[in-house]
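Per-chain numbering from 1; labels A, B and C assigned in written order.
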Amino acid sequence: MLDVQNLSMTIMIEDAAVPILRDVSLQVAAGESIGLVGESGSGKSMTLRSILRIEPENATVSGRITLDGLDVHSLRGEALRRMRATDVAMIAQNPHAVLNPVLPVERYLIEGMHDAQGVPRRQARLRAGELLEQVGIERIDLVLGSYPHQLSGGMLQRVVIAGAIAGEPKLLLADEPTTALDVTTQAEVMAILDECRRELGMAMLFVTHDLDLAASVCDRINVMKDGEIVERGVPEQLRDHPEHPYTRVLMESRPATVMWASNREAEVAHD
Amino acid sequence: MKALAKRLGPIGVGAAFIFAIVVVGALLAPLIAPYDPTIGSVTQRFQGPSLDHLFGTDQAGRDIFSRILWGARSSLVGPLIVVAVTGVLGTGIALTSVWWGGAVDSAISRVLDLLFAFPNLLLAMLAIAVFGPSLTTAALALSISYIPYTARVIRSMALRERNLAYVRSPQLQGISGAVITARHLVPNVAPLIITGATINFGFAMIEIAALSFLGLAVQPPLADWGLMVSNGQQSLLKGYPAESMLAGLFIVLTVASLGYIGERLGGRAAAGRRS
Amino acid sequence: MPLIFVVRRLAALIGVLIVSSFLVFAAMYAAPGSPENFLVQGRTVTPEVLAAIRKQYSLDDPFFVRFWNWFTNVLQGNFGQSLSNRQDVGDLLANRLPTTLTLVLLAAILIVVLGIALGVIGGLRDGVADKIIILGSNVGFAVPTFFAALILMSIFSVGLGWFPVFGSGVGVVDRIWHLTLPALALALPSLAVVARITRTAIREERHSEHAVMASARGVPARLVLGRHIIRNSMLPVSTVVGVHIAGLIAGAFVVEYAFTLDGIGTLLVNAVQKKDFAVVQAIAIILVAAFGIINLLVDLLYASIDPRVRLGAAR
């Protein structure tokens, strides 16, 4: 369904072209969950962003991305907007940045359904409540009327997940969806995401720095380093017989990444 | 020097050059001004530009070029007083506030809040009402009204610096507060003070020129750019715009140059202005 | 925003007003030279006449008594008599207020409408339009209001004859016509700053995660622009606009004087020159009050558009 062929990207930083991605190729079949694992700066997020055409303005992209045979980079205007609204949904790392801080949560959900997907406003409003129920939120009216800064990261990420599954897209792009969250809610949010995906039969491209986490939710995994995919395989194979030295490093550094993750959480909370 | 030029960028270097010319002109005015700026001749009224009178003459027959040169002096001295007094008092007050903390800090911030309640020009006009119009009164009153801006920035910066290890360690060793403050804090907040001064100089120049324009700061027959704009207003309406336009242009050039330099160095935040 | 916050701010403002009126009164009291000398204006008069004047203006009362009398009168709206022409200060102010208010209001509208519009254009367009707006805002900020007044006057009044040179006009339409150039001159430096701040804010919001993600969710570009980019960029802009509108109060003195408008500003300038302390005191208090009230309104407005301020930032 999703076919990324030889994707390369460079970004101009002060007159110098910095390579971000080199010949990245990967495929996601319908209903399949694919992992993209690497440390920060390895180009995982940029791969996801170029699928939705939201790469930085100063980036040059080459290669081919097709979605059910449709060339994503040839899409313009209304066609691109429709693809974004109905076919692919993204869950980004920091939900506090994704929701507009001056609008209540309800507006975020209605915007996605009414303004992007064309669902009548009334219907969108009713559906917003149902969606929150689906992602395990209990005090629905309270959450709908809240502003983003009043909710925890975990709660807010559930709202983002609810928004992402609202249009039942073919493909979910998840970019470190639990990294910015409190350690205690990480597992919960991950479980909800995985459950929703399976229930609705959506495919997922899951980006993380945590090989163990990827192994638990993905059918196949791509390991990425310095903008290139260095190893790919099924989780058991990567875990038990990693071939590339970097994959081994990722396996061994697991406790450290957990610590790193909790430091990140502290930073985000501080912000 | 090279690092500074790089930070300023090509336009910034040009701006610094313009400001330098104005300063040199002001310093050398007695040597290079061809005429006495205060004495004119009735037969020489409203002359156009010529080799004798580069910028022409005003309604009293005075040489405008000489008046611009001499005017640079009073136009620069006022803001210089403001920036110096504000810099010294603002920094002193901020450091006192940070050093003593507690009741001293809150008393000082109450007083600064009270100063914030008066628009700058209003405070200056009240001082002038009491002490009579003069450049010194105007400049000193404006200095006082600028103190809260400077003190606020320096205070928050110093508060951060104070908690850093290098300031704390000598404190533990028992060296007196004043010495520590002078040795460590002042050099570290100095760049901020200088950037703030650059920006405040421009603000002060415009506000003192405005007071001179109102007849409340520099007094005639002295040459001063703000006064010249006001003095030339009648001539301008009669079709002789040279005096007002040239004096105004020099104010704009000087303020714009300084503003650009300050912006490149650290922005208006360093002057404690929200904008 | 909790009501308690508003009440506390109002109380603080009242406190500031009381302390400032005391300080202003004390400063005038301590001014060198005795008030009766201003009154007789250099004429030689007999000691009896001087004594009569001192009695008429209660100059022999102790300082605190005089302050108390003045202060309680001000609270009742009685600002006393002008020392120079014996007119009631309250009447003088009432006659002058409409001109100043219209001037400040027109300038405020220009700052908000033009400043924000130019900033939005500069923030969204790259190329010539943006370059012109950056240059214009850099220079515009450096143009003193009194110089802008002269330039506008010489181009549009003397040169083209489109607007009157002096005076404030009678009736609403005529007044606006008379005050257009003065308002433009008064607004110019602030307009330049607001345009630049708006431009920066728009550029930042364009790249903000919530705007990018809204596009990525297929929200139409028009809605992303209005709902995410422009709306959110107004948060920093609103405080700057507020500071500048409050600042117009003082700037108005200079522009009124340049255009010889009969507003509060010209009255203050003349009163300062003549040492007419009754008028100076009254205007100072009114301006401090207006300045404080505008600043308070701006903070309330800011709170009303940013829920993080309104509802507290605690999660």
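Everything that follows uses one rule, which is that a residue touches a chain if its C-beta (ideal position, glycine included) is under 8 Å from a C-beta of that chain, and two chains touch if they have at least 3 such contacts.
Computed from a predicted model, the values in this text were never measured in an experiment.
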Exercise. Farthest from chain C by Cα centre, which chain is it? Let me know.
Key: A
Exercise. Averaging the CA atoms per chain, pick out the one whose centre lands closest to the mean of every protein CA shown.
Key: C
Practice problem: Take the average of all CA coordinates in chain A, do the same for chain B, and state the distance between these two points in whole angstrom. | Solution: 53
Self-check item: Distance from chain C to chain B - Cα centre to Cα centre, in angstrom
Solution: 22
Quiz item: What are the residue numbers in chain B that touch two or more other chains?
Solution: none
Quiz prompt | Partner chain B, residues of chain C touching it in the complex | solution = 16, 19-20, 23-24, 27-28, 30-32, 138-139, 141-147, 150-151, 153-154, 158, 165, 189, 193-194, 197, 239-240, 243-244, 246-247, 249-251, 253-254, 257-258, 268-269, 271-273, 275, 277, 280, 284, 287-288, 291-292
Self-check item: Residues on chain C engaged by chain A in the complex (per definition of touch)
Solution: 207-210, 212-221, 223, 227-228, 231-232, 235, 305-308, 311, 313, 315
Self-check item: Sites on chain B touched by chain C in the complex
Solution: 113-114, 117-122, 125-131, 133, 202, 206, 209-210, 213-216, 226, 229-230, 233, 236-237, 239, 241, 244-245, 248, 251-253, 255-256, 259-260, 274-275
Quiz item: Any idea which chain A residues touch chain C in the complex?
Solution: 52, 54, 57, 81-86, 89-90, 92, 94, 97-104, 111-112, 115-117, 147, 149-152, 163
